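Below: the structure, in structure tokens.
Order of writing sets the chain letters: A, B, C, D, E, F, G and H. Residues in each chain are counted from 1.
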Amino acid sequence: MTVTETDPVPTGTAVTDPFVLGGRTFTSRLLLGTGGAPSLEALERAVRASGTELVTVALRRVEAASDGAMLAVLDRCGVQLLPNTAGCATAREAVLTARLAREAFGTDWVKLEVIGDEDTLLPDPVELLDAAEQLVDDGFTVLPYTGDDPVVARRLADLGCAAVMPLGAPIGSGLGIRNPHAIALIRELVDVPVILDAGIGTASDAALAMELGCDGVLLATAVTRAREPETMAAAMRHAVEGGRLAARAGRIPRRFSARASTQMQGLPEL
Amino acid sequence: MQVTVNGEAAELAEGATVAGLVAQRSAGHSRVAVALNGGVVPRSSWERTTLSPGDTVEVLAPTAGG
Amino acid sequence: MTVTETDPVPTGTAVTDPFVLGGRTFTSRLLLGTGGAPSLEALERAVRASGTELVTVALRRVEAASDGAMLAVLDRCGVQLLPNTAGCATAREAVLTARLAREAFGTDWVKLEVIGDEDTLLPDPVELLDAAEQLVDDGFTVLPYTGDDPVVARRLADLGCAAVMPLGAPIGSGLGIRNPHAIALIRELVDVPVILDAGIGTASDAALAMELGCDGVLLATAVTRAREPETMAAAMRHAVEGGRLAARAGRIPRRFSARASTQMQGLPEL
Amino acid sequence: MQVTVNGEAAELAEGATVAGLVAQRSAGHSRVAVALNGGVVPRSSWERTTLSPGDTVEVLAPTAGG
Amino acid sequence: MTVTETDPVPTGTAVTDPFVLGGRTFTSRLLLGTGGAPSLEALERAVRASGTELVTVALRRVEAASDGAMLAVLDRCGVQLLPNTAGCATAREAVLTARLAREAFGTDWVKLEVIGDEDTLLPDPVELLDAAEQLVDDGFTVLPYTGDDPVVARRLADLGCAAVMPLGAPIGSGLGIRNPHAIALIRELVDVPVILDAGIGTASDAALAMELGCDGVLLATAVTRAREPETMAAAMRHAVEGGRLAARAGRIPRRFSARASTQMQGLPEL
Amino acid sequence: MTVTETDPVPTGTAVTDPFVLGGRTFTSRLLLGTGGAPSLEALERAVRASGTELVTVALRRVEAASDGAMLAVLDRCGVQLLPNTAGCATAREAVLTARLAREAFGTDWVKLEVIGDEDTLLPDPVELLDAAEQLVDDGFTVLPYTGDDPVVARRLADLGCAAVMPLGAPIGSGLGIRNPHAIALIRELVDVPVILDAGIGTASDAALAMELGCDGVLLATAVTRAREPETMAAAMRHAVEGGRLAARAGRIPRRFSARASTQMQGLPEL
Amino acid sequence: MQVTVNGEAAELAEGATVAGLVAQRSAGHSRVAVALNGGVVPRSSWERTTLSPGDTVEVLAPTAGG
Amino acid sequence: MQVTVNGEAAELAEGATVAGLVAQRSAGHSRVAVALNGGVVPRSSWERTTLSPGDTVEVLAPTAGG
């Protein structure tokens, strides 16, 4: 199946609820990573179907980097670039990488990653807090990828990060949100935007993130490595908007037993 | 002279500049960043930044990321 | 917040995947119950925001029935009516109710409910199978509300029901899908459409239903008793479409550990 | 004569028809259905269906449902 | 209940809580199936380690049946035999099998199984109810293996079954209790003992069953096909006793946030 | 492992699996907190029923502290005391409290708590790591209460802590193990004993902790504030032993569908 | 005569009894049950129950079960 | 002289020792620990540790804990 590139914005309802991040206002609450796409054409179709306005990119040695075509595609899609520090294991490396990215991309926004374990790619809170402090002091708009520890999240917010981006599960695992309770606690403990980052596998995961009170969702693998990246991108667009609307709509309470939806009064005796 | 570029030994002429190295290495890349001995070399300084023997240089370019 | 009534169909992607039920083709996979809405205006806004094309109604004694205004609203929305047999406890009552509904609404479609317990409003499989058989023989298009027992679901399909509608949780409980495994088994055991009916509380529940392979979702309370019915209706519309798209997109496999989304090749030594 | 309509005793004139009963009861309702002694009375038969003492009638109309 | 302070083993607490089933009183609440054991010696060790007093057996054609040694082992262990009707797909077959078992084993107790699907081995509620009624009328002590449908469970109890045995998940799946809510509803709807049968994979599953209000647990594969059947049998014994004690002890309520276990009063200023 | 056939009590199987912690060998893998008990007598009965050999205590100003009777009870029970640093919010306070406890209790073992949030009582990883390093250097046997972040857990182990004690959920919440995946990852990432601390509400939670690979469980509220502390203590003893045995027994794999436990070969045609 | 025993054709002498068949088939099994043409043959009737051509017999014994 | 004991102002005689303070405060408590101005005072030093005006002392004893 295909998604026409002229695909309209899903509904008028979402645009009434703008997303303010780092002093800018976005319509879409879905941040998309570019890694893992089977082709540039697939990437472009996914970016367009997702409705995203903010996509992550990385820096690598020129020999290994994709040629400029990818940036041309992203420019054509009119999205803002968000450099990451993927692969950094220390605050020093991450800070230097962020500064190099500022040079290369001309943006002081950074998705801050400082990895503490190679198998799980989980963040190292100590190095992360150190790097976040340095980059905030250096004027960066810092979006830190963190675990789901509410205390670390609050420390990041207190340092002046523009948002906190707790994980749902390890990067690329597709396990969804392993600990919804922790995400709900983070939502209570911080005043900055909360963006669920990593672990999303399918649409209901993204909807749940929004229902837990997240302001946005960042995902890459779930879309780029899906059998049909463009279709999954459209699915995620719907899921994030649906989850956001549900969070605002005020859901019904959970009840152990039933409550009739059809009135029983006037039931005939047949 | 001998320097290390992107993790590999490279032989450059005396007085080689970062600008020259970038021009030689970054074909097809518009947005390039350069680290010299663990620090950033701003694009505005590439021309006047000459390399010295033993320098470690990283020439980086954009790629896909999550 | 409000949803403009001219709100466009969320995406072009969904219309490429029509929903065939009872020999008719629908664009929307969301069936909406009308019970519980705070007002007719709220109901109309919810129906429109949901994009539904098939809504459930009931029969009650004239003194207790809402006046004709509700039908006028539903006619104006251009939706098909689906009478239910809510409140019936025996096959006999349900069959008679279905026949009365055929008279009143001029349709041979029926949402068949035969309740076996007053507190949980859970269906009685024995009476349900009996009623389903009689109504199928009588030419009805039978959409039975059933538990999540795969064997009962297959028996209903074998009897000639146009779909099976297993519950996620008790009616109005908002507990979501208590047993996703059972719903997945039902999807494997029957060839007719599977519509998740009852228990949905929020958008991610509806998305999950579709990801489990359901062809549609039927809900009432989750929308009509939400704090903002219209907003939740829009949320459910997105969730059902997002879940459907995700099911078709082919999700990534779940992994115990991580898989990098940013390439590690060409990582600089900083 | 004495009949039961919608669960309550009602006094109707001899020869009263279902059509008459519906007309009297279903103000404001277009789509009405009638059950007589546990069976359906099709709209097409309302005129010619006369009620008898002891009959049990249910006159039903649409309402919201889940 | 009380534990004397000199009591070295808290298992003593359980004996104060006998399990009455079919008019007999048991100490153990763990019923063990004999199928799948790697050897008779392994079976005997498992039976002894489990502490079970009631084990299931089956009837097969003499050529295929294990020789008498198995019965000798079970007799030596002093356990009561509970014949099953495994493999039957109709009420007729199940009733005949129960009568043959009564002849062979000299007991009118029967674990009633009527399977409705060969892949999932899920029970067929219609045939099951039919068979249960016939066997109760014929004087059997009927222990029916049923799904987790509360209405079917109540019908079985109303027919005079000595207990109801809802599944946690398909036989041998090891998926645990897929729908704890349904088991809790069954516990509320029936007055006869509830025995969780099928699906148990590990100790915590068995403990959860008891905490949900079940009176006992029946399992086979989880023990007989474990890497160490005897060790798992001991694990299940502990789990069932622990779960039963926990159910009686009155657990603490769940709280969204924390409650200090160490007093904060008198906290020094250091 | 083996159980002699004459072994009447399967608890015997556990004693073949001693628990080595901080250079000492314990029979019980259940650590019990003393806070919250309704009376000293209830505490003593719970301690005895639990079979614990290691119980936590705290220091408070003399005016607020319980009189010496509690220590007399614990001495009579023959358990080892484990002082905690509950209520400390900084590394400095925690280190000083540990040193005061060493004076008071004459032990260099300490349950290290450094709280980062008053509502959730969640640990502060930065202060915790700082305090752990100081106390390890000072010769303490450090048992740190930490979140379920695997990277923090490994850092604590690398610092020389005698064990890591990740939480299942906030202290006293009774929510069980909110993130089993994280606990399993911690088990993989560290070589020191893993003790599940905080969040346990009932027996199945404790069994699950052991099945996830934990070496022990520490709990207080779940027992001391249960309706019947002694009964719950016995339940937890069983649950921890059952969970440990299950972890060693090698559970059956999970299967989507069924696997017959009764042989189908030789099924009669009835 | 020709009968079916446990799903397979078997040739038995005229006047063969269930008791005889069980003795022949159930070596090593103490607790055996017999079904004849879809009904139970109680142990007490084995001796006096003679088989007829075309009979279908199931001779069953205990085995492990879940 | 004026000192702070367990968060409250206390008047002690000149030359008062930690040992004296503990004896006066810790009735019924065997295992007591003392912090003086943010440091530990080992039991072995109680006798010879005299308090000075403005000192902050914490006298602690065991209690139940989680």
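Note that in this section a residue touches a chain if its C-beta (ideal position, glycine included) is under 8 Å from a C-beta of that chain, and two chains touch if they have at least 3 such contacts.
Please read these numbers as outputs of a predicted model, since none were measured by experiment.
A.B. asks: Spelling it out: a chain qualifies if it touches subunit B and also touches subunit G; which chains qualify?
C.D. replies: Chains in contact with subunit B as well as subunit G: not a single one.
A.B. asks: Pick the pair with more C-beta contacts: C-D or F-G?
C.D. replies: Between the two chain pairs, C-D has more contacting C-beta pairs.
A.B. asks: Roughly how many whole angstrom separate the Cα centroids of subunit E and subunit F?
C.D. replies: Here subunit E and subunit F have centroids separated by 29 Å.
A.B. asks: Using the average of all C-alpha atoms in each chain as its centre, how far is it in Å between subunit E and subunit G?
C.D. replies: Between these chains, centre-to-centre, one finds 33 Å.
A.B. asks: Can you give the whole-Å distance between the Cα centres of subunit A and subunit H?
C.D. replies: About 55 Å separates the centre of subunit A from that of subunit H.
A.B. asks: Please tell me the distance, in whole Å, between the geometric centres of subunit D and subunit H computed from their C-alpha atoms.
C.D. replies: Chain centroid spacing, subunit D to subunit H, equals 92 Å.
A.B. asks: Which residues belonging to subunit H are in contact with no fewer than two other chains?
C.D. replies: Counting only residues that touch two or more other chains, subunit H contributes 6-7, 35, 38, 58, 60, 63-66.
A.B. asks: Which positions in subunit E touch two or more other chains at once?
C.D. replies: Those would be 33, 35-36, 58-61, 63-65, 84, 86, 96, 120, 122, 171-172, 175, 181, 185, 220-221, 256-257, 260-263, 266, 268, 270.
A.B. asks: State the interface residues of subunit F toward subunit E in the complex, per the touch definition above.
C.D. replies: 1-3, 5, 7, 9-11, 13, 33, 35-36, 44-45, 48-51, 58-61, 63-65, 84, 86-88, 92-93, 96-97, 119-122, 170-175, 201-208, 210-211, 220-222, 224-239, 241-246, 248-268, 270
A.B. asks: Give the list of subunit H residues in touch with subunit F in this complex.
C.D. replies: Residues 6-7, 25-26, 28-35, 38-40, 42-43, 58-66 of subunit H touch subunit F in their complex.
A.B. asks: Okay, in this complex, where on subunit A does subunit F touch?
C.D. replies: Residues 116-117, 120, 122-126, 129, 147-152, 154-155, 169, 175, 178-179, 181-182, 185, 189.
A.B. asks: Touching subunit E in the complex: which residues of subunit H?
C.D. replies: 6-7, 35, 38, 56, 58, 60, 63-66
A.B. asks: Contact residues on subunit C for subunit D in the complex?
C.D. replies: 33-37, 43, 56-68, 70-71, 83-84, 86, 96, 99-101, 103-106, 171-172, 220-221
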